[in-house]
Each structure stands twice: as C-alpha cells, then as structure tokens.
Amino acid sequence: MSDQTIYANLQQLGSSTETPTNPDEAKLEAVKNPHPGTDYLVRFTCPEFTSLCPVTGQPDFAHIVIDYIPEDLLVESKSLKVFLTSFRNHGDFHEACTVGIAKRLVDLLKPKWLRIGGYWYPRGGIPIDVFWQTGEAPKGVWIPDQDVPGYRGRG
Amino acid sequence: MSDQTIYANLQQLGSSTETPTNPDEAKLEAVKNPHPGTDYLVRFTCPEFTSLCPVTGQPDFAHIVIDYIPEDLLVESKSLKVFLTSFRNHGDFHEACTVGIAKRLVDLLKPKWLRIGGYWYPRGGIPIDVFWQTGEAPKGVWIPDQDVPGYRGRG
Amino acid sequence: MSDQTIYANLQQLGSSTETPTNPDEAKLEAVKNPHPGTDYLVRFTCPEFTSLCPVTGQPDFAHIVIDYIPEDLLVESKSLKVFLTSFRNHGDFHEACTVGIAKRLVDLLKPKWLRIGGYWYPRGGIPIDVFWQTGEAPKGVWIPDQDVPGYRGRG
Amino acid sequence: MSDQTIYANLQQLGSSTETPTNPDEAKLEAVKNPHPGTDYLVRFTCPEFTSLCPVTGQPDFAHIVIDYIPEDLLVESKSLKVFLTSFRNHGDFHEACTVGIAKRLVDLLKPKWLRIGGYWYPRGGIPIDVFWQTGEAPKGVWIPDQDVPGYRGRG
Amino acid sequence: MSDQTIYANLQQLGSSTETPTNPDEAKLEAVKNPHPGTDYLVRFTCPEFTSLCPVTGQPDFAHIVIDYIPEDLLVESKSLKVFLTSFRNHGDFHEACTVGIAKRLVDLLKPKWLRIGGYWYPRGGIPIDVFWQTGEAPKGVWIPDQDVPGYRGRG
Amino acid sequence: MSDQTIYANLQQLGSSTETPTNPDEAKLEAVKNPHPGTDYLVRFTCPEFTSLCPVTGQPDFAHIVIDYIPEDLLVESKSLKVFLTSFRNHGDFHEACTVGIAKRLVDLLKPKWLRIGGYWYPRGGIPIDVFWQTGEAPKGVWIPDQDVPGYRGRG
Amino acid sequence: MSDQTIYANLQQLGSSTETPTNPDEAKLEAVKNPHPGTDYLVRFTCPEFTSLCPVTGQPDFAHIVIDYIPEDLLVESKSLKVFLTSFRNHGDFHEACTVGIAKRLVDLLKPKWLRIGGYWYPRGGIPIDVFWQTGEAPKGVWIPDQDVPGYRGRG
Amino acid sequence: MSDQTIYANLQQLGSSTETPTNPDEAKLEAVKNPHPGTDYLVRFTCPEFTSLCPVTGQPDFAHIVIDYIPEDLLVESKSLKVFLTSFRNHGDFHEACTVGIAKRLVDLLKPKWLRIGGYWYPRGGIPIDVFWQTGEAPKGVWIPDQDVPGYRGRG
Amino acid sequence: MSDQTIYANLQQLGSSTETPTNPDEAKLEAVKNPHPGTDYLVRFTCPEFTSLCPVTGQPDFAHIVIDYIPEDLLVESKSLKVFLTSFRNHGDFHEACTVGIAKRLVDLLKPKWLRIGGYWYPRGGIPIDVFWQTGEAPKGVWIPDQDVPGYRGRG
Amino acid sequence: MSDQTIYANLQQLGSSTETPTNPDEAKLEAVKNPHPGTDYLVRFTCPEFTSLCPVTGQPDFAHIVIDYIPEDLLVESKSLKVFLTSFRNHGDFHEACTVGIAKRLVDLLKPKWLRIGGYWYPRGGIPIDVFWQTGEAPKGVWIPDQDVPGYRGRG
C-alpha cells in the first residue's frame, strides 16, 4: 500500500550518523507524502529532549509533542531524531527552542498545518509550557488533544 | 429488535478461518446496517495489532481505534479481526498501514463518516500516532474523544 | 421543592417486582418532570448490564451510560433498572441492544434530547462501543463528556 | 487588592451558627462582587453533601460542583456551607435537590450565569448525575470542564 | 535562534533578591518577545503559592496556572517567581488574589490574551477555584485545557 | 451452597427500618457463619459515613473500610448499614468513632480478627486517618491492603 | 514446549456448549499440568461474573480473581468459563458464591495452593469483598498482589 | 464513646491563635489518649507545609505525613497545625525540618512508635524525600503504606 | 566503568538479523556480568510479545516482564529481543510460553535467581496471568513488585 | 535545629560550576550528617538523567531514584546534581551507569545502607530497569517502595 521508493534518496536512514553539534548543523530530511490527497495528522512524541540553558550552561529537559498535517512531504523520522538530538549541547531559551523546532519543520515541509507543545521540566519550582501552531487548523481534519498531564508538585 | 438474517451469507463467522498472508488476501465482509436511518457511531478498539517494518523486517506494534457512522452496511466483526491479523506478516510503514486500513473499510462500507487512530509503539524512543478521518463529521452525531493516553517515557 | 405526588401511580417502586423475561415484557414507567421549564440533563450510569449473544447464546456484558434532557416526563428509575435487567436472558447484537434501549426510552419519554453510550466487554480481543444520540443537542444545555475509559489491552 | 468592607454586614462568618433544620430555614448570604466589571468564574466543590430520600427516609450522598459568573454579588462561602448542610435532615429527590440548590443561588445572586453538577452515589447499582445551567454561557468567559470521574462499578 | 540581548537590562536574574513584603513592593519585569509576530501560548504552573487569609491571618495555599499569548513582551520568569512569593505574608481573599495576579501581568505585558486558574486548597471542606481570562481567545491560537484535577474529598 | 435459614430470625432485612438516633440505639445483628471452619476475610467499604463534631456540632465525613475474619458469626449487612447511619446525628471525635465502630463489631461477632480504617475528610487542611486491628493477623489468611488513596491537597 | 495431548479428552473445548442452569450441573474439567515439578502461579481475572440474590432474585455482579499453584492438574479454561457462567441464574449469597467457587476448584484440582478474591458491586451503598485462600502460601513461590482498586463512591 | 473532658485544658482549640514566629515558640499541646490500652495508628496528612531555605531565604514546600501509635497522649490537632505553620518564616534544611518535627512530637507524646515522611518539592530538578521512624514498629499494629506518589518530572 | 570487551564476540548486536522461525532456532547469547560480585536485579519489560494459539492458530498477545539476578552472565539484550520475536509464528499455550521463556534463560545464564510474569490479553473475556520464579529469592537483594495493572473489563 | 556550619567548606554550593566532562572528573562532596545517631532514609529522585550509548554514541535517558541511610556523612545535593550531569557526554551501559553511580556514593559516604533504581527509556521496544542495594536493609528503618510505574507500551 505504500511507496517505498520515496525513501530511496535518504542519507541517514539505515546508516550510522554522527550527532551534529548544534541544530544548524543538523540535516533534516523529507520524503514524499504517500497520501498527498489525504488530510491526516501525524504526531511525534519525544520525551527524551534535552538542551542547555543559554545563561548558566546547565542542562534543561523537555517532553515535546509535534503534530502536523502533511502537504507534499513527510519528515523522515530518523533525521527528526538526529535534529532533536542536536540540541543536546546547544544553549537556548525554552520559548526559542520550542518555536524554533517547529519553524525548522515548517521551512522544510511546508505542511498544511503544524503545532508543537513543549512541556519543560520545572526550574525554580515553576515549569514553563510553550504551545504554538501555524494558524487555525484546516476544517475537517481530526486533531486530538495532546493531553500531556500538567505539573502537580508533590503530594 | 435486530435483523439476524443479515448475517445469513457470511463466510467466516462461526467457522474456522485461515489467516490470510497479507491484507490483499483478506476478505473483509459487510452486513446490512440494522438501523439504516439512524446516525450512530461504532467504535472498534484493537490493542493487538502487529505488522512488519518494510525496511528491516522487524515487527511493529500498534493500538488501533476505528470509529465510523454506518450508511447501509456494517463491517462484520470477525472478518475485521481477520483483516487486521493479515498485517502480521506484511511489511508497511506506519502511515501507510493506518490510512490503508481505513481506506479498505471506506471502500467496502461507504460509511457516512469514518476515522482511524493508529497509536504505534516507540521506535528510536519516539512513537508515531496517525489520525485520519474522511472529512468533517456530520452534524448532530455524537463522536466521543478516543482519549488514548499519550506516550510518557519513563518515570 | 419537589412534587412527590408525581410518584403516586407507579406500580413498581417500593414493591417487589419479578424480572421480565425479555425487554418487550418490561414495563418502563414515567413520572412527570418536576422542572418542565428547565433544560437539565440526567445521566444514568449502568455498569451491571448483561445480555446474550444471539448467535452463540453466550453472555455479553456492557457498561451503559444514558444522558437525556427531559421534556414532560422523567423515566422512573426502578422501572429503568428492571427494563435493563430484562436483557439478561435475551439475545441480541451489541448495536441492536444499545440503540434499542435508547429508542424505547425515546418512545416513552419524548425527551428534548437523548443519547446512549454502550461500552461492551471485548470479544475476540476487540471491544465494540456504540454511541447514539437523537440529533444535535439543544443550545444552551450543559452536556458533559461521558469520559468512559477506552479499552487498553494489557500492560 | 480587595474590598474587605463588603464583608462588614455578614451574620454568620466568624461566629458559630446552628445548622438550620431544612433548606428553607437556611439564610444564604451575599457579598458585593469585588470585580463587578470582570467576567470570571467561581467554582465550589462540595464532596460532603448528604440529604434524605423522600420515600424511604434513608440518607443519600452526593458530590456537588457549582460554577458561576458573578454579576453584582458573590455568595458568602460560610453561608453556602450552612445552606448545603441544611439538606442533612431534609428529604427530596436527586433532581429536585440539585436543581433546587442552583435556583436558590440564582435567586440570591442574579449571576450572569450559573451551573451545577450533582454526582450522586449509586442506588440500586445505578448512580444518577444531574447537570443544569441557566442557559448558554456568555461568550469570552473561561469555563473549564468539571471532569468529575464517572462511576465504574468494580474491577 | 533567540535574542539574548533582550535579557541585558534585567535587575533580578542571576543576582540574589530579597523577597518583597507584599505584592505592591514586588517588581515584575518584562523582556522583549523574541517572536513578536508569532501567536504562541506560554503556560506557567505554580504549585507553590501561599498567601494569608485577610480575616484570620492563617495561611492559604493554591495551585496556580497562568496562560498568556505575548504581544511585545514576555514576563521575566524569575521576577514572576518573586512576585508570587510576595503574597506569602500578604492577606487577601481567593478571588482577589487570583484575579489580582492576572491583572498585574496584564498591566505589565499588555498581552494579546491572558488567563489564570487559581485552584485553592479546601477550607471548611469546600475548595474554591477561580478562573479568569481577558476575553475571548484570539482565533487560530492553540490553547490547551489546564486539566487540573478537581478536588475529590476522600476515598 | 449456602445456609439460608441462618437469615430466618433477622429483624431488619427486607422490612423498612427507622434510623436510630445514635449508635447505642442501633441494633447490630449477626447471622451464623456459613463457613465456620474456613478462614476467609470479609471487607465492607463504606464511603457514605457522616457524624457530627462533638465540639462544634458541624458534620464530619469519612470513608470507612472494615475487614474481618469471622469465627461463628457474620454481621448482617443491612443492620451494619443502619448502625453506620446511626452516627449521622451523633457527636464524637474521629478516633472515638473509628475505634468505637470496630469495638461494637468485635463485641457482637467475637471474630478471629478485625481491623478498621477510617479515612476522614480534611479539617483545617489536615485529614486524619485512624487504623486499628485487634492484634496480629492469624497466619495463613489472606488480607489484602486497603489501598485507599492518601489526601493530596490540590494540583 | 508443551504437551498438547493433555487436551485430547476434553469435552467442551472447540465445541459449542449449552450453559448449565446452575453450578452443580456445570462440568469443570482438568488437564494435566505440563510443568508438574515447577511451582508457578496461574491467575484468572473474571470481570464478567453475575449471579442472583437468593432473597430478592435480583442480579448481583462481581469481579472475581482466582490464583492457584497447580499440583498435577490445570483447570481447562473453557470449562472454567462455563462454570462461572452457570451462576447466572443461580441464587446465593456473596460469601457463599465466592468461597464455593474456590472449593469446587480445590476439589477438582487438588492444587498446592489456591486463593480467590470476590469484589462485589455495591448494594445499599456498601460493596462486600470476600478473600479466601487454602492456607499459608508455599515458600519460594511468587504470588503478586491482586491490586483490584477499592470502591470510592463518587467524586 | 469518647472522653470529651480530656479537651478541657487546651489553650488553642476554639480560640483564635497568633502564628508563632518559629517552631521553638509554638506550643504543641497534648490530650489524654481515649483508648490507652488499644494500639491504633493515627495519620496526619499535611500538604500545606512551607519553610524557608536557610541559605537563600527562599520558600521551600513539602507534603508531610505523620503516623504514630499513641501511648498515654494524643497530639491536639489544632496545636499541631499551628506548630507546622510556625515553620513558615523559619529557615532550615529539609532533613532537619522533617526529623525535627518528628522529634518534637516524640518529646511531647512519648508515643509507642512514630514515623514521618517529608516529600519535598523539587529544587534543581531533584526532589528530596526524608523518611524517619523511631525504630521497628510494634508487632500486631496495622501500619499502612503512605503511598505518596513519586516525582515524575514531565510527560 | 564497564567492560566493553565482553561484547566482542556477539553475533547479532549491530548487525541485521533474520527473525528465527521458532524459539528453538533462536540463538540466545550471553555476555560476561560486569559486576560478578554484586547482587543486582535486571528487569526487562516486553509489551510487544505475540505467539500463536496451538489449537486455533490465531495470534495471542502478552505483556511480559522478566527479572533476574545475574551470576556470571548477562543475557545480551538484542538476542533476547530476537528470541522473543521468534514466538511470532510459533504455537504454544500461555503457561508453556511463559515458563518456557524463563527456562531457556535459566539454561543459558544459570542466574542466581530469575522470575517471569506473563500478562496475557483476554480470551473469552478472561485473561490469564502466569507467574514463575526459580525459587525463594536470595536474601539482601532488592526485588521490586512488577505492579502490572490487572485487567478491569470495561467501565 | 540544624548545623549550618557543616556546609562551610563546600566548593560548589552557591557558586557557578562547570559541568565535568565525565564522571571521573566530577567532584562529589559530602557534609556531616546532622543526625548521626538517627537512622533515617534520604531519597533523591532524578528524572533528568542522560548518558551516551558506548556502542552507538546515541543518547540514553533514565529516571533514577537513590535511597540511602546516612552514617556520618550526607551527600551535598548540588555536587550530586553535577555528578549526575557529568554522564551527559559519557558512554556506558545501563547496568554499569546505574551500579556505578551507587558505588561512587558508597565510596564517598560509607552509608549504613544504599540502593539505586535505574529506570531506562526503552530501546528496541524493551526498557531495562536495574536495581541494586548494598545488602539487606538494617532492621527498624523505614524504607518505602520506590513505586516507579512500569513501562506499558501504548494503549
């Protein structure tokens, strides 16, 4: 049912890849959407995200969820993983990381619609969540809640 | 209250069936909708889905939920089970499997509306969910959330 | 604050009742709505429902939730319980039971609006849920989600 | 930031109060809304409600949640507690109690909007929930779900 | 990806700060929005809030969640923490604290939209929640539910 | 499999009973243990308990769980319900109510072993739980945890 | 790895069986333990149990969990299901049903050890749980908690 | 069933009390144990605890659970609340606060046994829990798990 | 801190492997325990297990958790995965699969201790769990509960 | 109640620290136990742990919980955080990381007892948990379960 040839030109899938030292070095790759006339949603859940605080250099952690409706392209999932890993030694603020990840994907994919939720671990007892989408969602497409639990403190 | 004769021509219900070797071999069967003038939703929850990765041949697993509003036909539930089982030794990508299952049902049933949620087990630490529906839902029909929990990682 | 005389003609409340042998024998009773000009929702949650499979004669089980907005009548709750109990030795399909219960209530009560959720225990590893409502809900009435958890399999 | 003088005329706050023998005896009190031009929602969650069955005299229990958007007045919270306590030895049906509590508050407060959810403990294995609101909610006001869990039976 | 120079004039970040004795003394600070043309939502979750009851002087506790869509400014997160801490020895009512926090942020930030949920610990067995937003949310911006669990009593 | 004649002399089962005005008036009744040579555990879960504060006269609420291993007698469950209801207008402290209920049952039943957990709703923000058992449990009898969730406050 | 011939003499597996009208009519069947020298635990979880109240004739429901350590025999699972189904039109008390099911299995299997937990749906607002085991568990065998959630009432 | 005269000499119950400025100023009070020959456990759950960091002066928060088996004395619950409140403007480390609270209670009550669990909110992304008991628990007394959920981070 | 050379002779790690057609074909591999004098527990959680029913040929699914205390050898994790995958087209009963997996590991590793929990998806409405360990656990080793949730049915 | 002078010689607390490039470079520091004669347990919960796979160089993630009973020394919590952070660019296997962290703490602190639970994110669909303790726990010390939820897959 699928078009495997769309995977023919990929550079990272199935080969070992060095982790890029920062997001600008990371090579996000796309593949052709096998259902270009079908408005469906793809969700990636990434609970293993870490970056550095640009002020203190200390590690930050986040749980990140990306939803998008493809137009002509899908993001290739291994290159997405490498891209997310490239933040590991890179310093940036929560809002900038979260929105920046989304904008890189938008630049690459030109999707019909995309949103990102960044659920950051608490600093100073107060976690920050960042939510962004490219605009009002297209009508008639199913977009379930992300439903990531809020932070509760203790007890 | 129901029309049991609609089950009279089925080939698989109540007899033992060999598992087809791939989805194209599987014979999805339909029965007449016993409430053709009533817009109701039927949900199948299938936590036992498995297919193969088309690249590595390794097994993939998914939790799949299908919602539809019947027009003239219902899918016969045993044939649905056999159809889902037919992916067991069949290789295809997550997006293709998920949307492909839905399209087979749409072709067979011509339902008023149908949607599918495919909630795949993580690969590389990042699970993919795929959501598709045939279009905007008809007004006045009750369509509850699927509310399948998101992936949390550990802790 | 309530009109207790509306209960004066009931035949089942407070007396012992024999369980009818099938739904057609069951005598669903109504009482006058004590707030006829007030659009409120009544929810009954029935986790103790059982019927028989019309093909195999084996028991089926369901968790059933009924929501309705009364017009002139309320269903008397003991007669509702007896009615639901009358499916115990009665064979019918999931869709037919669920929608059939709702239609009996609609016939009796002529409510402003009614819906039913039937959450059936798994057969063949795949549970079926059936959702029906009488049409688009009246504006300005509060109708909370039923939020019955989905089936998860194991783990 | 608040206008404490609005509490100057209260009769029950800070003094000991005898529990009224029924709701008609209970003196619900109001205070001036400190933010009369601001459309906000106040939620009271009352898991300690009990009344009597008007037929059998046996105790009934409910978990009650009240949401309202104040106009000129707020309900004084201690008088609300005393009012709810006044149902302790008072007999009435579930629908009548729930809607009756709401209407007493509406009479007193003339709020912009109010709703009540009454989540009653099961009788005969079937709990009843009652939901009422004064009409369509005003636009632009934030009204979160009450999200009180449904009854699950056992297991 | 971010504009670190926007942090150049801050007075509290990275230096030790004395806790102000009341909210009026607290110096809330803003920084320039690094994505001024992008409508995203920022959520702060603050489970460590405490103030004093203006009548009895006893401590009150709340779980507070703030959502806003920035216009030109972001609140600087350390100054937000200090501001929230300044309620520690300050007496005010639940409604006044909750709405007051939001209005201070609105005054400072002139955001496109802001809302606050104050989830107060029970007093007299009945917790109060306060929900306020600045008005109808702008179209096309993603604003997830806060989904803070309701109070359940015991059991 | 059971000895129904053990129920022949009961005074309350199946007849309507007036609620006693205090626990001393309540007539707890016993029936013969149908399995006198078998060491099994019986658990009653009572989430509908209420009494009065002996100091203020205000209602208290508790969730109560009773476990016991019968010797010659079982408590008759309707009389247990009436006994628990008799605390409704009776004033006593949490510790006294909880242990007192257990001791009444011990006096009546002379069980092999009994324990009670009283999980009281919070007062002053601090709930009290009371746990008592008649001594070390007999060996070889299965006594599962009560696992009533602790109080969490909010958030 | 298993001895399929142990299934050769079974009468019910794979053929259609009429539901017996009471437990005495039900034919529980055993098969040889394929690991007779290995002390392992088998758990059956049966959330679909229903019987009748011997006093009122009304249906009762339970969630039942059976754990046992086989000696020479295993219970054949389809005959167990038919046995449990045979209580459907049979009247007996909670304690008698629960312990009776266990004793029938003990008589048939002569297991090294067996226990049963019967988690009954509430009647009169108070559910009963019944726990029985054949005696102290053999040393060195792993017997996990059943961890069936307690009844919480509402809220 | 209880001895109310044991409350006759208390100084804080029912009167308004000023919050002491530190734990040494707080007057913990005891009352006679109404069941001196009965080994029962009392649990206090205190989700509203706050103190100051002795190094930075910033607020710390904890969820605290205290279990004890009384000998001759019970702690008077209002004085316990005042004592816990006295840490509000007092600086001390997590371990010292937690164990110190317990030791004050031990000094006052000379209980048969006591334990404390201090579940502190995260600092630097890592919460600390402190658990202390006075020694091995007496045999034959029921001491349920505290079962306070662990910290999960996000996701 | 670790001895990477222990991985030098492995045949499957890092190379692509064909899935064996049955467990007997699967080549389980071991590596030297890097902490041979340290009694620690290793847990593998495998929610993606599937085999075939030996009677009907239909797929079965299980969630499997393996705990062991190594002696001289560790199981190499990729070969464990391949071994578990080898059941995919292999027919065997639940008890035989579960205990058989454990025994293969015991044969290979000669561990100090090992246990397996097999949590099978329901068939006929009744799931089976199988629990086995090699004997009483060694003293002084920490072996946490597996705490896999029980099957709840619906509701 | 605490001895602040024990913190006088620390090198990292309150000053900014560079992250060491590997665990051997990290300087774990100890402080004197303020309660040397008191057997209490300290728990650190660290959901933000990450290291590298020694074979592929790809990041691994874990949720780590450390429990210990101090003898003469406490670990200083900031140096613990820095130590855990030092694994960020360090490659080692799951078992080696987990047990290695514990052994470093044992070397430094010579505690009465210590244990570690390492809950690793899944790789190849199968997460590994590692549990180690220094030996049988001392009698009379309270050591609650860690109760970190198991991995569930999806659904």
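Order of writing sets the labels: A, B, C, D, E, F, G, H, I and J. Residues in every chain begin at 1.
Here is the rule we go by: a residue touches a chain if its C-beta (ideal position, glycine included) is under 8 Å from a C-beta of that chain, and two chains touch if they have at least 3 such contacts.
Here the structure is a predicted model, which is why all the values come from computation and not from measurement.
Given the touch definition stated above, what is the smallest step count connecting chain B to chain G?
2
Please compute the angle of the rotation superposing chain E on chain I (C-alpha atoms), rounded to a multiple of 5 degrees.
In degrees, rounded to 5: 180.
Measuring centre to centre with CA averages, how many angstrom lie between chain A and chain I?
Inter-chain centre distance comes to 34 Å.
If you average the Cα atoms of chain D and of chain G to get two centres, how far apart are those centres in Å?
Centre separation, chain D to chain G: 46 Å.
Identify all positions of chain G at which a residue touches two or more other chains, and write them in rising order.
47-48, 61, 63, 121-123, 125, 127, 145-148, 150-153, 155
By the touch definition up top, name every chain pair that qualifies.
Listed in label order, the chain pairs in contact are A-B, A-E, A-F, A-H, A-J, B-C, B-H, B-I, B-J, C-D, C-G, C-I, C-J, D-E, D-F, D-G, D-I, E-F, E-G, E-H, F-G, F-H, G-I, H-J, I-J.
Going by the contact rule set out above, which residues of chain J touch chain A in the complex?
Counting only chain J, the residues touching chain A are 16, 18-19, 47-48, 50, 56-59, 61, 85, 88-89, 121.
Which stretch or stretches of chain A touch chain H in the complex?
That would be residues 47, 61-63, 119-123, 125, 127, 148, 151, 153-155 of chain A.
With touch defined as at the start, can you tell me which chain H residues reach chain J in the complex?
Chain H reaches chain J through residues 23, 54-55, 92-93, 95-100, 115, 117, 122-133, 135-136, 145-147, 149-154.
In the complex of these two chains, what residues of chain I are touching chain D?
150, 152-153, 155
If you look only at chain J, which of its residues touch chain H in the complex?
1-2, 4, 7, 13-14, 34-35, 38-48, 63, 65, 74, 77-78, 80-81, 139-148
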